[in-house]
């Protein structure tokens, strides 16, 4: 597994906390922040952005990932997610992670105080996942 | 866990095989069929339906689940998925399942010959999931 | 344009009203029903099905369309949508319609009393749309 | 309507052309770039990011919009889209635009050479749209 230093974990969680404040959540009032680490050490943050047509909104994790990939990155090395109650990424976000993450990529969940409440890996939160290799088999 | 008889498993997989043939897949050519069992023993089938704007398509599992729920059901008791290579449900489908399934709901993956290749549960394929109770906490 | 008889319009709106009652809407409390007509005269209904992870829900129109296509149909000839306030289909639903509809397909919006409040066409609600022919150009 | 100077249009289209090169498109091979202008004159770019589970991908327009909103903006004043064949935004992207745009917001479509092929407005590409005000009616 990619080893994250305590400092790097803190940097990711801090960035997720910062972006949580930018959530656009007039419908659920449930704010989520996220931050991803790229292969060259950069950190990209995201927040959940809702829509009056609810299915057209997007979660914080995917905003952060799409931001990193659209800036030219092709791998994410770690992800942090911050909510008021230590909530987990939804399944759809886990699928988007999967396209760009190794199975042992660290996944960190924290609360709004920046306290880490759960740590796992890509494979730990999406076992027996569907990925690029399944399409070409 | 909900116990499924051999006959019921076979009925689910057979229905998923049947619906796999109705997949609309001009873009990926990857056909998926699915079938869900409702609380009163009915079975609803679904197939993947793609779109030229790729993100607007939908997977077979979600088609089957949405079909059952829109017919008035509010619980699914088991789900089967059929692909050519025993592929798994994507994370987004797992999230939709989660809204209507107990954590121990059986999940059955089979190939096109109807051979079961993997069996798990809702919680087994989406551990530490995000669900309705997280929003109200 | 496909000409719809008064009777057929009423049948579509009635079915949409019926399905509106099956909406699963614990989060928005905004119920939508829809009904699509297939090339052989069958009518399929749908309702909106929400999810605690809001982006993972689905609108009524798409539920109805995916239902019809997964039953083997490949064309929809008309669609009706029913809401409390004559609300329009979201853009994502319009995109899914577009894959299976002619540009002059009738689109009917009605209120919960079954009163038609607006009539248009596929092209009328999604001008200069993106479709299958754009991918191969 | 918001008046865009020739220079501003060119800046938007240039940025969309730049981001088109960052598209992650192993499945469709159809590259799209987009750029949005915020109320304070900043420009954010996006590219389409696909997924092996096709419906979990995201279009360039939405990547650009979500990026701007997650950086704290709440309004987009113009959007440009670049493809090889002057393709239009999909309906789902139009819906996400709608949440953050005035009805007369300029929409610009260009080809890979930066040639503008079509100009319209938010309302012009998504007439009688569904928006925030529909939910509270």
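Going by the order they are written in, the chains are A, B, C and D; count residues from 1 in each one.
Operating definition for what follows: a residue touches a chain if its C-beta (ideal position, glycine included) is under 8 Å from a C-beta of that chain, and two chains touch if they have at least 3 such contacts.
The model shown is predicted, which means the values in this text are computed figures rather than measured ones.
In terms of residue-numbered contacts, B-C and A-D present the same interface, as over half of their contact pairs agree; the other options in C-D, A-B or A-D do not. As a whole-number value, the distance joining the C-alpha centres of chain A and chain D reads 23 Å. Rounded to whole angstrom units, the spacing between the C-alpha centres of chain B and chain D is 33. Among the residues of chain A, those touching two or more other chains are numbered 27-28, 53, 56, 58, 90-92, 95-96, 130, 134-135. In terms of which chains touch, the assembly is arranged so that all chains touch all other chains.
Contact residues on chain B toward chain C in their complex (touch as defined above): 19, 22, 24, 26-27, 45-47, 49, 51-53, 56, 58, 60, 62-64, 66-67, 69-72, 74, 92, 95-96, 99, 130-132, 134-135. The residues of chain A lying in touch with chain C in their complex are 27-28, 50, 53-59, 90-92.
Remark: chain A residues 28, 30, 84-85, 87-96, 98, 118, 120, 124-130, 134-135, 137 touch chain B in the complex.
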